[in-house]
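What follows are several structures.
Look at the two complexes coming up: subunit A is in both, with subunit B in one and subunit C in the other.
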Partner chain A sequence: MKAAAPNAFRTRVLQRGAFWVFRFATYFIIACASYVFLDIGIKGSRTVFTTTPPFINVAFLSERPQTLYVFDFEGKKETLGDQDFRKWKAAHPDAVVEPATVAYSAGGIWPCIVGTALLVVGSMTLALAIGISSAIYLSEYSRSGPWIRLIRIAILNLAGVPSIVFGLFGFGLFVIFFGWNVSLLAGWFTLGLMILPAIITASEESLRAVPQGLREGSLALGATKWQTIRKNVLPYALPGILTSSILGIARVAGETAPIMFTAAYAMRDEMPWQVNRVTDFVFQGVMALPYHIYVVSSKIPQNEYTERVQYGAAMIFLVLVMLIALTSIVLRERSRSRLSW
Partner chain B sequence: MVAIVVLALITIFLFREGFGFFGQNLTNIRLYRQSGLEFVDLMRKHADAHSALSRGLSTLRLKQVRAGEKANVPLDAINASLAPFDEFAAAFSDSAEPLNGVVSDSGELASALRAQLAAQIVARDQKADPVQPGASSAEGELENQPLTQSETLAKLRESTAVFEAAAAAINTQVSGLLASAPQIPEASAEKAFTPWKGHARDHLRELVAGGAELRAWSPDVPVPWYRAVGSFLFGRDWVTASFWQDWYGIIPLFVGSVMVSIVALVIAVPFGVASAIYVSEVASATEKRLIKPYIEFIAAIPSVVLGFFGIAVVGQALRAASESSWLSWISFFPLSERLNVFTAGCLLALMAVPTIFTLSEDALRNVPRGFKEASYALGANRLQTIARVLVPASLSGIVSAILLGLGRVIGETMVVLLCAGNRIEIPDFSAGLGAFFQPVHTMTGIIAQEMGEVDAGSIHYRALFMVGLVLFVLTLGINYLAQRFVARYRMSIG
Partner chain C sequence: MVNLMEMPTVAVNPNPPPKTSDPSVSRTAPAAETTKGIIGIEDLDFAFGTNKVLHDINLEIPARAVTAFIGPSGCGKTTLLRCLNRMNDLIDDARITKGSIQIEGIDINDPHIDVVDLRRNVGMVFQKSNPFPKSIYDNIAYGLRIAGISKRSLIDEAVEKSLRSAALWDEVKDRMHVSGYGLSGGQQQRLCIARALAVEPEIVLMDEPCSALDPIATAKVEELIRQLKTRYTIVIVTHNMQQAGRVSDQTAFFYLGRLIEFSDTRKMFSNPAQRQTEDYITGRFG
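Presenting the complex of A and B:
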């Protein structure tokens, strides 16, 4: 036993060392992620919050993106947005200034927020409608066979297709082939199809979680299969379906690649509801928050003037998506503890 | 029901658009041959080789100046000692004058012909469609087209003789120069100069043989169909919208994607798996409850935000680090580009970690309790149990987690578009690990960048669809592999 003692000591040291390595790896990941959150959060909050009441930069959230004019006047450095610059010019008709312009860096991001909201609402409606009905078919009506297996494999594989391929597909089919141009409708369909596999899987799981007894009871009372599903299965499965689709919302809102050439414009002056005819509504492109972030971070240089809008937009976007994701996680935890048959 | 329709639609559509590419690419390559561009490129190859040799001379000169500076020789003295060398270099680069002349003259001829031929093809297409107005006038033009083609080609052929004359002149001139090459005082430069002379002699030999090559070339040799496929799958150039000749070779993009993924996985796999082991086996219950949702939460960070973060923070930090003195021993530091493979790889690693972590953790947790208990009963401690029992038992699950992480990384667009540097070039692997610090372009990035600017139905548009198709097939393959691993894992536990 004595000879084994140093050996045992070595294994213990080894174990402790290995555990420290694991611990370090875990906390390193957490540190990296926290750094991302903090950096964007701190620099973004300089834009989003103000020191004077109402403490939130309302203009940034409610205005359109504008070109920023930077110029020296009477020894002072002036930075004005497009509208303010015109007003200033009118007030100083004789002033000769040579402003440097920085695109997108003044004003706010209101149209982007609206555009993203429209895209999310439309594509989620579409995806839920198609997704729930295919889930009902798969879990209630279909009998397992080679055909259903094929469908399941297809769903599984569809989930792994890169989002840019969806974008390419949407561009080719909806934008070019159907001739919808860059429009909300094309964006809805592209995003909806992208999120479909996740919705189908989640809905099927919720439908399966409804106990068989509920269906049998209803059928025994003479209800038809459809009546059973509508009155006795769907109402119990719906909360679960909606909860898990919130995570889908986070994904739809966060994706840039599929909407780059199906729905998003870099700059658009009108708001989405300023259209001539009602039918034009779905055939118009919109500004979207993720695409706007892409544009402001790649198409304009990095400097003190652009940082404001870059970090501001990134923070608003990050907070929105994180809130959605957080809601979904919290709801999932709660529904897990509550719903148990 | 819908899913299979969508998947089928995507496949059919990608194939339909994609395969149109091959036909167009074939026409493209045929044009390249018929218009004599290929002929000119044969000559240009030699001219390029010559100027590369000239550049070699100037780097040699730089080396000597550096060496002189290190030895504290005044600049005038260095220049004076290099005077014979400079003379030699100047004579060498001047000797290529006639060659460059031929190349640029015949280049103009050939590209004019190419434009003509392309117009001719458009005209032929219009003729096939009788409703198209203006077809008759196009037909009129068509009559005298072949004449000009043969004329131009004849002119091009004449330039063979000019080329041969130029080659002979260069040969005698440079041979003379080489025979009387100046002595180089500096030893290390002398060492580099000897192989340079060898290269120059090889170049001369090829130059003289080039005439025969030009004679053997014919515009009428048909281009086989597989060249269209081969030039896409194995082409080393992706050149679009150039005045000369467009090439659509996927290799530079593919290499870019693969390199970025390698960096991402090399970082993400150890961290992901280690943290999965930590959370499932080592961590206390409180830690577990907090860490797990947090890492899963990382997956929800939108990729465009990460890309922005990469530009604004990681790229800058990387460059600042590369310029600091305590890292100067690394040969390729300081970096010239802040956006490169490594920047993108780091951020993609952060995206891949949640996937790898979640799935590996699941796999580890699904190992039956009995395995662990049996191991403890045999006197193994926790580390031994993890290393010898738990990890091997869940290995296929972990491998499939890594594969799914790879699928996510290779299909990711925004981060690589923003952070990989977007230079369409195969990195210079002679730089060793430094190749991972060069900017690249990726398959996903090129689609995102160029799709918005192309005409529907053009060859460029179809080439991008082909890239999409390759990406699609690649991710399907990765998914399939991952599923295979999961299936095997289930069996081994049961």
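Presenting the complex of A and C:
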């Protein structure tokens, strides 16, 4: 048997050490994820779920945010939302109370859910339409050259722009220069532009992954280029494009910075469909979940009554993003199963 | 890439005017016995960018016969084949630098020619079988549907006809709606042949159609090629000289981008006119 190498001990320690560093780094991620989801899940479920049927806090999901009134009356602490407080006042015309008010901490987050859904649908439609078109151009039509290299550099640079810069850009161009004001339209374009590089890159990769033999086979049968793309390239790239759009949705729904100057209101009494003319629809600002969480977490004085909406909104937000992602996954599997590889 | 969609549509004239150019023996193919071919290649030079890959090719390919292109790897035989249905249009910087290709007397590189019509007339089978990820039926129907045929009965009829032509009908008639990917390698290649036949081309180009197949599947495809030549003009590129000997009527031998010899297959394999051909056929190089 050979004698042990002189540095065998050191080698073994390094080996064990490296193993534990990598292992710890991996478990650390799980620990963080668990903490975030458990914290939001536990505290949020106090708001979202109830102990009496139907066990879900319907009011929180379906009502508008209201100011919370907190006061003592006949030795009992009352916490009432705006509407309930008025009713209570009507029922007790003689009572003299000096309630403390907490903004947005009663009622629900329904307008925020609607606003976020509108922002996601509009900006993703815009980003997918422009993104898939330019991915098709880059992958199927363009010839390599300095012009195309410039376009690729532009896409890469666009991907690196911080979201707050997109917000300022959207504010300057769409809100001020185009005069769209704080509106859904401005938000759609700002968010759509923000997500565009990711959509283009992912779509182009999916298109390039379609074997060249399928294009040649189709062209050799007398198909035009567009027929080939539409019938024999795009359908096979679609699952990949949808996968990438899932990530896009999560980002669009979650970004606060691009919409805080362009599309989001802290509080709005009307719902988005309560507009005078149909054309006003796209020119109205909306409430949005991430901006609402920002407002209730940092724009109002914090006390024990503010946590309810903060965590409730955060949990609903997570669930919503998961639902959207789930829909995309179902769509992707559908379009994948229609192909018979 | 040439934008195929923006080209004006000019149907290929089925009755070409008599051609005046001299169809006699070409310079580089001294042994060729030329009859007036359906495909005429004249003084063709072809380059990828600055890299010239075909030099001065002159060739008359006869109708209703099998013509084999043989030669070592990189000799330009596949490039020439892909010139015949302008598949090289797909490659950036690839272009014909001199000469012309005429099919049925019409210059196929004329800017007024619609490449879609050309490719419908000149079908192609590829080295790697490339069935579409669709059902067997939809694979065959693809070419008809993009040609604007939507009548179910017509498509049904054409699907059966081309599968019978490709000797695949009996094997797949009970599973027309399962994926083409479920077939064996040999069946997939015959499916691709059937798909090419469905649009009723005059000419079928085959780019090493058996290179990925086992001997039994190869034998079936070769038998099929022999049957098809009564109705189609077939040009086949092959690495396999025995295969060229078995299936082809005419053989063209290429070396380093030049056509060395073009003659009757039996003559070439028994009594080649050129020394290089003999060396290649007898296995001394290549």
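Structure notes:
Heads up, the rule we're going with is that the second predicted complex is superposed on the first by the 304 of 341 C-alpha atoms of A that agree within 3 Å, B and C clash if a C-alpha of one lies under 4 Å from a C-alpha of the other, contacts with A are read in each partner's own complex, and residues count from 1 in each chain.
Keep this in mind: contacts are C-beta pairs under 8 Å (C-beta built on N, C-alpha and C of every residue); 3 or more make two chains touch, one makes a residue touch a chain.
Keep in mind that this is a model prediction, so the values were computed, not measured.
Judged by the touch definition given at the top, the superposed model places A:126 against neither subunit B nor subunit C. In the superposition on chain A, contact is made by A:161 with subunit B only, not with subunit C. Of the two partner chains placed by the overlay, neither subunit B nor subunit C lies in contact with A:287. Of the two partner chains, neither subunit B nor subunit C is touched by A:252. When the two complexes are overlaid on their common chain A, residue A:36 makes contact with subunit B while staying clear of subunit C. Of the two partner chains placed by superposition, only subunit C is touched by A:223; subunit B is not. By the touch criterion stated above, A:106 is placed in contact with neither subunit B nor subunit C. Once the two complexes are laid over each other on the shared chain, residue contacts for A:214 go to subunit C alone; subunit B is not touched.
Contacts of A:141 after superposition: subunit C is touched, whereas subunit B is not reached. The residues of subunit A lying in touch with subunit B in their complex are 11-12, 14-15, 18-19, 21-23, 25-26, 28-30, 32-33, 36, 39-40, 130, 134, 137-138, 150-151, 154-158, 160-169, 171-173, 176-177, 193, 196-197, 200, 247, 250, 253-257, 260-261, 290-291, 293-294, 297-298, 302, 307, 310-311, 314, 317-318, 321-322, 324-326, 329.
Of all the residues in subunit A, the ones that touch subunit C in their complex are 141, 143-144, 211, 213-227, 231-232, 236, 339-341.
Taken together, the subunit C residues at the contact with subunit A in this complex read 1, 3-5, 85, 87, 90, 92, 116-117, 119-120, 123-124, 126, 128, 130-135, 142-143, 146-147, 178-182, 192, 195-196, 199. The part of subunit B that touches subunit A in the complex is made up of residues 1-4, 6-10, 13-14, 17, 270-272, 274-275, 277-279, 282-283, 291, 293-298, 300-309, 311-313, 350, 353, 357, 381-384, 404, 407, 410-414, 417-418, 444, 447-448, 451-452, 456, 464-465, 468, 471-472, 475-476, 478-480, 483.
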